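Read the structure below first, then the notes.
Letters A, B and C name the chains as they come in the text, with residue numbers starting at 1 for each one.
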Amino acid sequence: MDQGHQEEEKSFWEKLLSIDRRIIFLFITVAVAVPLFFRLSLHIAVTPVAEGVYQAVQSLPAGSKVLVSFDYDPGSMPELQPMAEAFFRQAFRNDLKVIIMGLWPQGPLQANMALEEVFKDKDIAAKNLKYGVDYVNLGYTAGNEVVIDRMGHSFEESYPKDAYGTPIGEIPLMRGVRNYDNIDLIFNLSAGYPGTQEWVQYGVDVFHVKLAAGNTAVQAPSMYPYVQTGQLSGVLGGMKGGAEYETLLGIPGRAVRYMFSQAVSHAVICLFIIIGNLAYFSLRRRRKSQMEVQG
Amino acid sequence: MSSELIGVWIGAFLTLGIFSFLYKDNPFYKFSEALFVGVSAGYWFVVTFWQYFLPKLIDNLVLAYTVLTSQGRVDYHWVYLLGGGLGVLMLLRLFPTVGWLSRWSLAFIVGTTAGLQFTRYLESNGIKQVQGTILPLIVGGSLNTTVGNIVIVVGTFCGLIYFFFSKEHKGAFGGAARVGVWFLMITFGALFGYTVMSRMSLLIGRMDYLFQIWLGLY
Amino acid sequence: MRREVPLVLTAIVGLTMIISHFIPPLNMLKDLFEDWFFIIAAFAIYLGILNLIRINADKVYKKRSDWPFGVVVILGFLLITIPGLFFSGGRSFSDLGTPFYYLYDHVYYPLSATMFALLAFFVASASYRAFRARNVEATMLLVAAFILMLGRVPIGDMITAWLPEGYRMGNAADWIMDFPQTAGQRAIMIGIALGVVSSALRVILGLERAMGGE
């Protein structure tokens, strides 16, 4: 290879490394935006930890009571809302009784949005579910992990009324529900603090309740030790977790559709990393050989 | 034009304002950022007032006052005055001459947190995790489980050795620490992969909002 | 007084919280301290907000650089506070249909969600510029990240479809998460737990210098 060609190749790699970052932003924009228009549903492989969540709910007999804690805000909606909708579908199809609460102020509102979506399904609409009998929304109570702790002694202490001001003693579903002893499973949707870790620390390890969780992808890896010890029955991680849950239910929805964008964007980032490393190693080799020549 | 439609346009305008930073810093972005700071402060002001201040302090004091005026006895809820007093001491931080009094409130916060977390972290994140690491290293009939258990035991042990900085990392100890670093690197790589997934999910959500809800393109 | 009172307060409160686990009758005192905690936390939030308003008001008054944006901060604060406190039905302020909810849904949420979404672009740019396999450890991090990023989306299994089932990229990602990642996370978790316990003890016993101890 002659000196001129080497000069040209050197400047190509250097140019590549010093590319304006706005070009990278443009690539990411296209990688995320374009697949949204195709609305493709790709095959989603299910992980054992997601299967654990599905089985935890599926194994409950009809009439079992499930406490769902909505611990996220609209910022985490793309990741957690599909999980919430899939959970409601599974619970109502299996005739489970659902008690909704939230440790984040916006959580119960997210629950209502998910319910609104799920009630549009023909098979669930046909069940004619009644508020207060089949499901109830206790709303939000401030106090973080203290709420979890106090509910272990008495639900009424933390939630004297539901989200609409009705004393919980007057709600048919809540009669006979004093504390966690009367709950068959807790399902937690969490985007941070307070969230799944607090439910494990104050709910599972103190009151020995069964817990399954859906987490944002940032949090999910740190929940794996809890799954391995059995403190968690399973965990859904991020949008992929939502897609897995929809796949297990046989109802591909928003999360499955979004996975095409997710896949393309991941591939683009991997490509950038490969190109960056190729450029780096090429330049490093060039400098090393130049130093050897000079030496 | 419905209020919902106006709201969607406001949301889209602000979304594009924040995204404009990707091109370069500009007044449109600065306006959106400043609005975000102000609105966030306002949001937490309102939530704190209705969800914490009112139910935890005012309601308890009103109850104590009601009992005093209607039944003529001093109810124990008056102790919430002490809590309120500690809260007011916190605000004195704004005044340099008496700011030191806020240390009393901070001491209370620190003490409560320390006490609450002591037992919970010890049990859930300490003892239970050690328990989960006590696994058989040879499981007859299942090579997968055997290898998996060995990986978990060795990885946890070596990872903990790495974090022990009171002894120099050399010799066999240093070798174990190095293995620990490898496991931690795999953990951080997995964390990075999941973080990318999470950030992309948020971007997908915003793009979906702009294309579907705002522009109605699909 | 400046040093002694905080130390005694921390010790009393911290020990009460711990001992109440073992002596249930103390739970009433524990509940009281927890409620006071939230009252003080509320005031701490107000302290931060007041400080923010004070800084921006000062910026506007003295016409420092970018002072018009100080006005925007203050107006943004008032925009949501006034409806939230006075025009949104009191304690049901965050219900669907209230002015507070409207502003939350169409102003706060888009701003907050988009701020986080920006990170997607910067993570891509940072990966391109800085993510280098400089040594063995960095290479391990890179390889694990690669396997996870591709294995957790359908593309990973598509690329490795030529491998037998159970040995594809998705399976590799599962194995990494279930075993080495769990081990690493557990080491971090136990380390943090020991750190929290020792810090809590130091603080409660007044040994922490930052809290006024020796």
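By our rule, contacts are C-beta pairs under 8 Å (C-beta built on N, C-alpha and C of every residue); 3 or more make two chains touch, one makes a residue touch a chain.
Bear in mind the structure is a predicted one, so any value in this text is a computation, not a measurement.
J.: For chain C, which other chain has the most distant CA centre?
T.: So the chain farthest away from chain C turns out to be A.
J.: Does A-C or B-C have the larger number of C-beta pairs in contact?
T.: Greater number of contacting C-beta pairs: B-C.
J.: If you average the Cα atoms of chain A and of chain C to get two centres, how far apart are those centres in Å?
T.: Each chain reduced to its C-alpha mean, chain A and chain C end up 16 Å apart.
J.: With centres defined as the mean C-alpha position, give me the chain B-chain C separation in Å.
T.: Between these chains, centre-to-centre, one finds 3 Å.
J.: Using the touch rule from the top of the page, what residues of chain A touch 2 or more other chains?
T.: Each of 25, 28, 32, 75, 77, 105, 140, 142, 221, 225, 228, 240, 262, 265-266, 269 in chain A touches at least two other chains.
J.: On chain B, where are the residues touching two or more other chains?
T.: 22, 47, 52, 56, 116, 121, 124-125, 129, 132, 152, 187, 190, 194-197, 200, 202-203, 205
J.: Where does chain C touch two or more other chains at once, residue-wise?
T.: 34, 37-38, 94, 104-105, 109, 112-113, 116, 120-121, 123, 127, 142, 146, 149, 152, 177-178, 181-182, 185-186, 189
J.: Help me check something: in the complex, which residues belonging to chain C touch chain A?
T.: 31, 34, 37-38, 92, 94, 96, 101, 104-105, 109, 112-113, 116, 120-121, 123-125, 127-129, 131-133, 142, 146, 149-150, 152-155, 157, 170, 174, 177-178, 181-182, 185-186, 189
J.: Within the complex, which stretch of chain A touches chain C?
T.: Going through chain A, the ones touching chain C are 17, 21, 24-25, 27-28, 32, 42-45, 47-49, 73-75, 77, 105-106, 109, 112, 140, 142-143, 146, 150, 165, 221-222, 224-225, 228, 240, 259, 262-270, 272-273, 275-277, 280.
J.: Which residues of chain B touch chain C once you look at their complex with the stated criterion?
T.: 3, 7-8, 10-12, 14-15, 18-19, 21-22, 30-50, 52-54, 56-57, 60, 79-80, 82-84, 86-88, 90-91, 93-94, 100, 103-119, 121-122, 124-126, 129-130, 132-133, 147-148, 151-156, 158-160, 162-163, 180-190, 192-197, 199-200, 202-203, 205-206, 209
J.: Which residues of chain B touch chain A in their complex?
T.: That would be residues 22-23, 47, 51-52, 55-56, 116, 120-121, 123-125, 128-129, 131-132, 152, 187, 190-191, 194-198, 200-205, 207-208, 211-212, 217-218 of chain B.
J.: Inside the complex, what are the residues of chain A that reach chain B?
T.: Interface residues on chain A, with respect to chain B: 22, 25, 28, 32-33, 36-37, 39, 75-79, 105, 140, 142, 145, 197, 200-202, 204-205, 216-218, 220-221, 225, 228-231, 237-240, 258, 261-262, 265-266, 269.
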